[in-house]
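In what follows, structures are represented as structure tokens.
Two complexes are shown next, each including chain A; its partner changes from chain B in the first to chain C in the second.
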Partner chain A sequence: MIGSRSKGVVLWTIVWFDLLLLSLPTLIIIGASFTSGDIVQFPPEGFSLKWYSKLWLLDDFKSAFLRTLYVSIICTLVSIPAGTLAAIGLARYRIRFHTTIQVYLLLPFTIPLVASGLGMMIFFGEIRILGQLWPVGLALCIINLPFMIWAVSAAVNGLDDQLENAAANCGAPPLQAFFTVTLPGVMPGVITGALLMFILAFNEFLVSLFLTDARTVTLPVSIYNSIRSVITPDLAAVSVVYIVIAFIAVLLLDKLVGLELFLKSK
Partner chain B sequence: MIKPVTQTSPLVELSNVSKRFGKVTAVDNANFSLSQGSVLTILGPSGCGKTTLLRMIAGFESPTTGNIRINGQPVQAVPPYKRSIGMVFQNLALFPHMTAGENIAYPLKMRRFSPQDIPGLVERYLDIVRLSGMGERRIQQLSGGQQQRVAIARALSFNPDLLLLDEPLSALDKKLREEMQLEFRRIQQQLGVTTINVTHDQREALVMSDEIIVMSEGAIQQIADPVSLYRQPSNRFVASFIGLTSLIRGTVEDAREGKITFRTTHTTLQGQASERFRFGETVEGAIRAEQVRISTDIKGAEGMDNILDGVVEQQIFEGDRMVYQISCPALGTAPLFVFDHDPSHHTPHAQGDRVVVSWKVRDLLVYPCQKYRVSNP
Partner chain C sequence: MASNSSSKLPRRWHLFDIAERNAAALWPKTMHRYSGYLLLVPAILLVFVLVLGLVYIGGYSLHELDLATYRLKETFSLTNYSAALTSTTYQSVVLRSIGASILVTFFTLLLAFPYAYLMVRARQAATKKFLLISLFLPFFIGQIVRAYGWLIILGQEGLINTLFAGLGLPAMDLIYNYPAVILGLVQYMLPFAVLLLAPAITAIGRDVELASESLGANWMRTFLHVVLPMAKPGLVGSSVVVFTLTLTDFAMPEILGGGTTDFIANAIYDGFFQLSNSGLGSALAMILVTLGTAFVVILFFLAGTGTLGFNGREQ
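Let's turn to the complex of A and B:
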């Protein structure tokens, strides 16, 4: 059994190396955010929370943060009905142009974000909504919608395909069958998708860069703008805020759906 | 609106029902009726149209042509949720986000039973399917057999006119399946609910039904009670689908009504037929494995009509019986299957042994050889 033992050693080495590589940037940025010095460095110089308190006082960052929150919420709220209905429709009903619709809905995956960003900027400009904040949420919903559809589709495909018939057989008219059987059945997928959409919108940079200006700038764009001037540890602190939000999302997912289910869904 | 159901009016009645999907004919001109309180099984190989027939009765599909009547009323325009039909689905289709009790209560809520009555009815039906006290369990916490029981209770809790079973037992292992067959029978008799069961399992059909419909390629082949179906199959398909049957092909030499003499590869055989044949017509004789006697010499074949020499090709020990596959030179390549019961009292025949096989004329049933389509009664 020497062979299997050395195989184990090799595998574990690779696993730990990968884990380290994946988490190193995060660990470094968390460390750097607690520095008491004036530049981003690792290991940090001393320990203080001064950059976090400074962050709290910086109105620019605070309002950018709130705007990002607003945009992400719009994106999530629009994507829940749109993505859920699209996924259920595509998986369950014999629709004409089924494949075409499917390809069309997944198209945002294949188009470079630069292209969609530019396109939406021109389009929003034409219909005179560029410069407002809510269209940014809409745009983020459009580019990330495939993730929502993917998450709900996985849940729909996991359901028994006779479930709606069973509901009808029990005496439920179609609408009632949808709300009492289909929707609760795919809820894990909807929650997974919604959290994913929120995080993706919260982090989105490239398309937001096209669609925002100084008055509507969102947090990722705002961070980008400040690293172009001077890199101070408050950026590391902002990054940690991001990490915390992502972590909360994962915890929520585990609480509401169970991570196991999420990881199993294809 | 409500038509009184008399003893004579059938609960379900299908007349000339056909269903086509594009160019494929799933159900071809089906006619039958089902009286109150009886159990009907639709038996056939997969893809024979039996499930389509069931789905049309449930209302999930509508017939391309023909009429379905339930309680004497045409149901063409009645959506599934307005039909008083309970169904147990092939994969059960239990609602995964509800408990066992909530599943059973669901049809009661949807059909607007009074809220005070619902808990009592749920308890009653949990009791009927022997799951008392398990109403709080989640579906995933129940075993396969328990899930079956929940599905039965859900299909019955609102006291439907008709119960449909779409091969719900096919996924279970043999022992559990046989146990559940008896359970279905017990519950059906306790409640007296009219039932249509769909299956490809001939044993299940024989055990559970008052009446059996055999289907093949969309067409009904025979409608009969289990005993008549087994004893008097109306055509070659039914004869070979139910039981272990050997088929022997030949041409008619003498075709008097009832007794047919036909020539096979190297001999002539006599058999029983219920229809007329012309001289020279190609026919197929069907003989059940339990009607053939196997012996070491001619003495064992005393009193039999057709006697042939053969060689044991294969023998399978099944515990309560031996199954022999015999090749008879006189029959050409067609194998002959023989059951021999109680093998412990005599030495079984070994592979390669020369044996004598024999049977009575009345047990060899003769059918026309061409593909058989039955005109509906």
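Let's turn to the complex of A and C:
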């Protein structure tokens, strides 16, 4: 690092504070989930895995978990083609109203989630698909789509466009050039985007709150409903499931594309 | 003979040939200059669902609730907007949300910038990896779970109050107030801000900083006059995201505020589901959309899209 000793001290002090802030809720939840007592308290009353074993007996938890998995998979599967094609279209083709389309495709970020959720609740109600599970997955895809386009755009911009010209020169027709040259080239972006889409859908709360009912409730919404009543350690065990999945996703992302990718300047 | 030799070609080639023929029939060469638009169609249709949703909300907002039937009246009126804008309750909710957005943006950027800077500049790969993983792990854990963690830490029987009791101090109400909401939001926004700042800091060469220091500036002046101005695209991108996400947040004020510190999103939700007044709720939603959009447009107009643009260069 450039600079004096005082710089290191000041910056690292803030960063250690950041690290504490970032990790504290996670660590506390993990700690609370192993209590053998019946309430969340400190220090935890003994060590046990009883809340985890109880989790597997809870049908509510299991079905909410499976529903969450289902909507996250739909979200990811829809977003992969939609986001990838859009990113390639924006980066590789001459598009009129390029900026307008770009702003339009950022709408899911600029429209507040509460408005997106309500709007889709009303619209899905009008076309009579509200109350089913798959529209929830579609909705989660829509609100997070810019993440997918973003991830692939970064990869397309990093890919030499002469590669596609070379493929065409060598006689590859459009589809072949796309599937054997462009797509493998942007794969790191597609993987990053797909992982982001999955994990965001798995955690999404507000839009799901509007689009689900008692029969279709997903895990984040059911955790929210439980927090409002009474805080018991089984909730901590459910939350640990989230922490474990997040951890797996981080490791996967690091292994497949490398987290350092996010530090690259554009 | 010819068919014999062609059957030795990889099967993939045949499949591609068939696919190409079908594609050429469906999308002839004369259409190729529109190929870019074709690729954009799925994404544009998906986002159009949100536009339709907004149209519905806009429509609802123009009809007043009929208290006799609890349905929206047929006639158009701006009653909901005037009710929302003149109500002192909603005025304070709007001001509280904007105030929180400013506070959270300020604290988040203050905490995020050193993190992003050290992460980008870290010499050792292990330090870099440690900072990245510590950032991504909470990033991948949603708001609800993190808010639950804060409940355990700050609650009546929580970690901090237990520590206080151990020291002989009285229990304090650390939860269901404004500072708790701000704390939860800053913690939630931190990864977003760092990830939007990092590419901008990477773009600043080390040599620029070296040059500044060799010309006699100390590190604080280098930071203030060289690094911060050059990181503008990242500062713009992260400010926009943190500000708008806070302005429109629902979960943190709901869970950590416990109904005492409603933001606009909470008021909209209550309008719909507690007052059963979808007209008023919709009017509030339109006001929130306008506020959020106005902020983004003003900032983009003043400072460009920063690290938010899809094509990676400042527009």
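By our rule, the second predicted complex is superposed on the first by the 257 of 266 C-alpha atoms of A that agree within 3 Å, B and C clash if a C-alpha of one lies under 4 Å from a C-alpha of the other, contacts with A are read in each partner's own complex, and residues count from 1 in each chain.
Here is the rule we go by: a contact is a pair of C-beta atoms (placed from the backbone, for glycine too) under 8 Å apart; a residue touches a chain by one contact, two chains touch by 3 or more.
Predicted, not measured: the structure shown is a model, and the values here were computed from it.
Considered on the superposed chain A, chain B and chain C are sterically compatible, since they fit side by side. Contacts of A:Gln176 after superposition: both chain B and chain C are touched.
Using the contact criterion defined above for the overlaid structures, shared-chain residue A:Leu66 touches neither chain B nor chain C, since it reaches no partner.
In the superposition on chain A, contact of A:Thr26 is made with chain C only, not with chain B. Once the two complexes are laid on top of each other via chain A, the angle at chain A between chain B and chain C, using C-alpha centres, comes to 80°, given in steps of 10. In the superposition on chain A, A:Ser239 makes contact with chain C only, while chain B stays out of contact range.
In the superposed model, A:Phe205 makes contact with chain C only, not with chain B. Of the two partner chains placed by superposition, A:Leu49 touches none, neither chain B nor chain C. In the superposition on chain A, contact of A:Gly83 is made with chain C only, not with chain B. Touched residues of chain A, counted separately for chain B and chain C, are more numerous for C. Distance between chain B and chain C in the overlay is 7 Å (nearest C-alpha pair, rounded to whole angstrom). Across the two superposed structures, the residue set of chain A contacted by chain B and also by chain C is 173-174, 176. If you check the complex, the residues on chain A that touch chain B are 159-160, 162-163, 165-174, 176-177, 180-181, 184-185, 187. The touching residues of chain A, counted against chain C in their complex, run 1-4, 6-7, 10-12, 14-15, 17-19, 21-26, 28-29, 32, 39-43, 78, 81-83, 85-95, 99, 101-102, 104-116, 118-120, 122-123, 126, 138-139, 141-143, 145-146, 149-150, 153-154, 157, 173-176, 179, 199, 202-206, 220, 223-224, 227, 231, 235-236, 239, 242-243, 245-247, 249-250, 253-254, 259-260, 262-266. Chain C meets chain A in the complex at residues 16, 19-20, 23-24, 32-33, 35-40, 42-44, 46-47, 49-54, 56-57, 60, 110-112, 114-115, 117-121, 123, 128-129, 131-138, 140-153, 155, 157-159, 162-163, 186-187, 190-191, 195, 198-200, 202-203, 206, 209-210, 213, 218-220, 222, 241, 244, 247-248, 250-251, 255, 264-265, 268-269, 272, 281-282, 285-286, 288-289, 292-293, 296, 307-313, 315.
Every residue of chain B that touches chain A in the complex is listed here, in rising order: 58-60, 79-82, 85-87, 89-97, 106-107, 110-111, 154-155, 158.
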